[in-house]
Amino acid sequence: MMNKNVQTFLACDADYDVADTVLFGVPFDGTTSFRPGTRFGPSAIRNQSFGIETYSPYCGKDLADCRIFDGGDLELPFGNTEKALALTKSYTASVLADGKRFVMLGGEHLITLGAIRAVAELYPELEVIHLDAHTDLRDQYIGESLSHATVMRRVWELIGDGRLHQFGIRSGEKEEFEFAGQHTDMHKFDTQGFSHTIACLEGKPVYLSLDLDVLDPSIFCGTGTPEAGGLSFKELLETILQLHRLNIVGCDINELSPHYDQSGSSTAVACLLTREILLQIIK
Amino acid sequence: MMNKNVQTFLACDADYDVADTVLFGVPFDGTTSFRPGTRFGPSAIRNQSFGIETYSPYCGKDLADCRIFDGGDLELPFGNTEKALALTKSYTASVLADGKRFVMLGGEHLITLGAIRAVAELYPELEVIHLDAHTDLRDQYIGESLSHATVMRRVWELIGDGRLHQFGIRSGEKEEFEFAGQHTDMHKFDTQGFSHTIACLEGKPVYLSLDLDVLDPSIFCGTGTPEAGGLSFKELLETILQLHRLNIVGCDINELSPHYDQSGSSTAVACLLTREILLQIIK
Amino acid sequence: MMNKNVQTFLACDADYDVADTVLFGVPFDGTTSFRPGTRFGPSAIRNQSFGIETYSPYCGKDLADCRIFDGGDLELPFGNTEKALALTKSYTASVLADGKRFVMLGGEHLITLGAIRAVAELYPELEVIHLDAHTDLRDQYIGESLSHATVMRRVWELIGDGRLHQFGIRSGEKEEFEFAGQHTDMHKFDTQGFSHTIACLEGKPVYLSLDLDVLDPSIFCGTGTPEAGGLSFKELLETILQLHRLNIVGCDINELSPHYDQSGSSTAVACLLTREILLQIIK
Amino acid sequence: MMNKNVQTFLACDADYDVADTVLFGVPFDGTTSFRPGTRFGPSAIRNQSFGIETYSPYCGKDLADCRIFDGGDLELPFGNTEKALALTKSYTASVLADGKRFVMLGGEHLITLGAIRAVAELYPELEVIHLDAHTDLRDQYIGESLSHATVMRRVWELIGDGRLHQFGIRSGEKEEFEFAGQHTDMHKFDTQGFSHTIACLEGKPVYLSLDLDVLDPSIFCGTGTPEAGGLSFKELLETILQLHRLNIVGCDINELSPHYDQSGSSTAVACLLTREILLQIIK
Amino acid sequence: MMNKNVQTFLACDADYDVADTVLFGVPFDGTTSFRPGTRFGPSAIRNQSFGIETYSPYCGKDLADCRIFDGGDLELPFGNTEKALALTKSYTASVLADGKRFVMLGGEHLITLGAIRAVAELYPELEVIHLDAHTDLRDQYIGESLSHATVMRRVWELIGDGRLHQFGIRSGEKEEFEFAGQHTDMHKFDTQGFSHTIACLEGKPVYLSLDLDVLDPSIFCGTGTPEAGGLSFKELLETILQLHRLNIVGCDINELSPHYDQSGSSTAVACLLTREILLQIIK
Amino acid sequence: MMNKNVQTFLACDADYDVADTVLFGVPFDGTTSFRPGTRFGPSAIRNQSFGIETYSPYCGKDLADCRIFDGGDLELPFGNTEKALALTKSYTASVLADGKRFVMLGGEHLITLGAIRAVAELYPELEVIHLDAHTDLRDQYIGESLSHATVMRRVWELIGDGRLHQFGIRSGEKEEFEFAGQHTDMHKFDTQGFSHTIACLEGKPVYLSLDLDVLDPSIFCGTGTPEAGGLSFKELLETILQLHRLNIVGCDINELSPHYDQSGSSTAVACLLTREILLQIIK
């Protein structure tokens, strides 16, 4: 009767040893230039996950039937970006070394770099699917090379030309769009071509990075830099429901900023997407 | 000049005796498990109704031409679920006994049971249309049989197989969906088949239960348990604009939780739907 | 190094003399009947404009390549409607006299009258495009002839029959819709027919009045009188992307009320539309 | 059973004819220069009054034993300051003509002028007690003579030198403080001297104007122009508990702006003060 | 490295078996009549406890040196008041049976009855210290005998005359104050006499019930029924710092409603008081 | 007429060259561990400063008579703490080199280190007055030596024993209080001894660091880490009104976090204190 107060995402209560999938949070928002607060994202997702069900009527599967460990949030230093990335890489690497998949909850988008540094070492042929409103392809941002606005440029440096598949992009500098034209597989505005990309990537190791601001602010206002003209929930859901065809070795869901989500509906969206992504990537 | 401070929904200022339709509120949220606050729904709808017009450009009718009595809110005990349902049934029964239709404003969804207990006694052949994100078909919820999560199971016990027509459902336990497969007429995710249902129900006594969370959170974030993937406003409006073909003997509009509606836009949606439903059901 | 703290809309930092376009704010909400606060609109748009980019992937142009002067906000008396309109007219007239175009940020919709009083003097053949949820065609409102609810009736008195092209209208009194049937070119509910109107107006002097509540509250909740059933962002964007075909001599963007925009996403929408409109009207 | 939905301040449900005291609201904020919203004050006070008791342990009296009529809110035009004042004066005059006292709920402070125009006609020897953070003694404000910032200058013009007793004042222009030194009985910062003033005014007709921002923002943050350094609740309460010694012929309680009172505690303070003032002025 | 995500109040991370004190939450607000939300109190206190230190400069002790088990929140049914009280009593009784003290975090004030039902069985000579703005001595409230407004009447029935020591009381019906005059030791408005009470109770088993609304709303706005005129933080702190002289066998801290605490400062106050009370009652 | 939109703190509109005092903002919150947002502090203070007057009835002086330049906010990189401090030091040094005093608006408390690095180079005998709720004397915080929680330890390293005069301190680790006992002049809980300190420091170069959370949360809730038991506004004001006796060569006002100040009253407090400090330090 006298149990400890363990808090996990909905039904993700397996022990680490038996789990095949690890969920963990990286509450980092240190390079956020406009409105900070994504550090509160992971705990908001856990807390509000009890407002949805474990069963998905979309794919007919149930989280209660899975073996997922929720490792809580990494404890990070404040004001030291490099160290935060190093801790993220280290945790990710140990999960991979134990033969498990992972879903990382952000935090700001830069955390993706920490995870991919670990994943790309293990999988040199890594392909990355990037759903986002923003290009994130700047080389520098206000003099810094490590930033939410440069993260995909840094990822490209790790994986090389043609392996970064971007969808939903509708904001960036002119130079970033030109860079994308030469180096990445960018699909502007929506998810046209996603099925084709899925077909091409079957069998390869794939990392999925979902910046939730790819959604239209009508359905996802709880983020630091809302950009109108995004995907509807159903468009994004259709995309996610194809992911079981891929070998997703790791993924992240980032940029929920709960302070801008007074109603909790953005957090509810993030919870639902987390559930669906978990159900898709678990074999 | 020195009038009392009477507050009604937009233009619903007829005297009870001459009214053919009664609007009333049931500010009950006693079984809400996640985030309470629907008790404030009816008064929010009344207060904000003055932000919309009495005239509908959708159906060309005007509330100012109708005879509707707004009876205010029932006064309920707190912490006593059975008594709240009994008071709701009693008020409903007396309205029906006086030969009037009613629109009940919630409050949480359980209040539907109070109203249908009265309606089903008068109309043993009652058919129920249920618009909702959630199945609400659990038999028990945390050990309780009376709950917002069990309300439609209780309604089914009153009206029997095949008479519960559910639309927009996208959340529930696996067992609830299986139960629906055997006992109710469930249409998952959207309103496909609604016109056919309308055609089948013409001439029969019909009760309409509208849980506003059937709408997508993009247009209706002001509710305790937002569930992504719902109806757009226009989809729901098209559905409602068909209701004049039916004999609606009573209906409810529930689950607005104004504290999660910082902008007031969910409340504005509830006001508009209340106007359109009133204009549809009045003969 | 020690510069003054000049605040402008994104990249609108040209000097007045060299600018061909002037942006200015009119922080007036004196006749707002329901929920005031649009006075805070212009400064919210300026502050949050740094959350978007200067480059538009929609039209391929960049604000950084334009010469736009941001004149800040007019200083207005409080409680004196006529004087506020006179100051608005006077500022507008002087901009026009200097041979420049303008984009005026509201404030409530009545400010349109101040600007059009100046524009219509200069362009007697003026055509007006009006995007709005509301008819705004009352003759009087609570005994007043100058009101956000009467503004387009006053505009019609200035420009005459057939020159007021209304789109997206879905709220008003029965009499207003009847008036529109006789005197204005009203397109109810959506933007059907907009391309045709564009074709007809090519070459003529055109004023554009954009009441942001023409958008659906799902994407634009930050306004005093949200009205469900409106345009999606993409519908409105498609409309705006046609404006370069016209000779827009002045325009306004009004009714953002930041206090009802907790997440800032409505303000982000207003910023993006301001950018796109500027890029469309500049030759 | 089927009663109309009458809303009054706590227990103020007497009929007009038998009442000796009238409570009414003036939801006007048309000259508010900084942050509007006091128009919502009266209804917030009524709605939240049910969170306090009718009985006062401070004076041992009970509102349930009084005969008070709550007349609701005046219906005012928007954008027409003079007309709003005229309507306020007219209502006040008719209440006085019927031999009743009144408590007027604001709304912004300018409404005091409307009421005092009526009261001063009936009582040429009127004395005014003014509790406020601000001098309100400007002659003009942004070119206007009717403003929340000029209201006590206008009152002084009506009642003359030495009859305006100001307490708690801690904000104004240098010129206003100098004006006060010559023409009013100003007590800066606190309520020192209040008992003496009470003693001097016994037997005379007195009007009380309570601008709630006289309170420190710690206990009353829900106002448009909070000014630190104000009265504690207990200091103000002690002041009010002396009012039964006077012949208060009318009074107002103004400047609650509920949108800045997220917790409702400022509104609770306004409710309690309204109760105590009513209990003090009723004979 | 891969630990479970255990969440406790600041440093309360001892195992149950070695702990001498148990902290637990009762997230119940089922009889709240005005504004619900105290169910979110315990988790808000845990989450925000990391904003304060474990060390107290007031008493020189440190939570890190104590052995406290945080048992998380009880899982309660919704809408069934009697069952919630029974579960609270049962948990409390088992903690006492294991020879431990407890601090219970509410939730609404009614939960005190559940705990005292267990404590009073073990300690028939129990004395109760009750800090509150409200009398809570009604016999019935809207027809119910179990309510936040009747809880201390029910407690009095258990412990008898003269054993209920009430401080800070400033709101109630006239009849409640009269009842207190005959049956309880009530100190109105403040904590005068507290030291004397402490002296009288030394050596006896004492239960402390702290309704946080005893504090003035200036320092504690985050509660459902704020009542002006309360204790300052320092007044309450001085009271608490005397508690080590007593034998506190159990206590509760209740009525934090985080939704009315936008800034988090009320929650910070609750955290600090929880720390100080823990440090006082631990021997 | 067509002026640029320059935004300054109330009346601080002198040109840099003629100014004797410089106001500037440092919108940095990169090491904030709990709740970020102080980056928005300086602009909130500027915007809301127009809600107060330029004239102080406390000291009889007027900002309109002073020559103060408002330099706006420093543009800082995100995620690079050292560079932010270097930019702060550089700006401060150039202001000092031009023979001017400064008031720096934070941002988080760490920015004090940037400024004092410049000031201490110029004034080796520098004394520092530190008003704060927190000791800020940790040597490391989560492995970092540059943090809001270590800032005063770093300052002590620059200025040495006995030159750091701390007031209002009521939160810290046991070790920090012990460190203070040996190395700083710490006054716990309140401002007792402040007049004596003033007397001792007359004639010496003094830096003032005001962490606004030294105030009680009742009057200043708008901060990331509210700590109950603080100074009242009047206590702090009395302290500040003695500053004219000192030679203040620079000062900062930090830790306003506007997102936690829904009502704006904390920002109003910050504005008033900024005005009073400016009026005190200008000769």
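All chains are identified by letter, namely A, B, C, D, E and F, in their written order; residue positions are counted from 1 within each chain.
In this section, a residue touches a chain if its C-beta (ideal position, glycine included) is under 8 Å from a C-beta of that chain, and two chains touch if they have at least 3 such contacts.
These numbers were taken from a predicted model, which means no experiment stands behind them.
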Going from chain B to chain E via touching chains takes a minimum number of steps equal to 1
Moving step by step through touching chains, the smallest count that connects chain A to chain F is 1
Under the touch definition above, the chains in contact with both chain D and chain E are B, F
Taking each chain's centre as the mean of its CA atoms, the one lying farthest from the centre of chain C is chain E
Across the interface between the identical copies chain A and chain E, with over half of residue numbers shared counting as same and under half as different, the residues used are same
Whole-angstrom distance, CA centroid of chain D to CA centroid of chain F, is 38
When centres are defined as mean Cα positions, the distance from chain A to chain D in whole Å is 55
Whole-Å distance, C-alpha centre of chain A to that of chain C, is 38
Touching two or more other chains in chain B are residues 216, 218-219, 262
One finds touching chains in the pairs A-B, A-C, A-E, A-F, B-C, B-D, B-E, C-D, C-F, D-E, D-F, E-F
Seen from chain D, its contact residues with chain E in the complex are 50-53, 55, 57, 62, 216, 218-219, 232-234, 237, 262-265, 268-269, 272
Chain E contacts chain A in the complex at 1-8, 16, 43, 46-47, 69-73, 91, 94
Within the complex, chain E is touched by chain F residues 34-35, 169-174, 177, 188-189, 216-219, 221-222, 224-229, 260-262, 266
Within the complex, chain F is touched by chain A residues 29-33, 36-37, 39, 75-81, 83, 110, 141-144, 146-147, 259
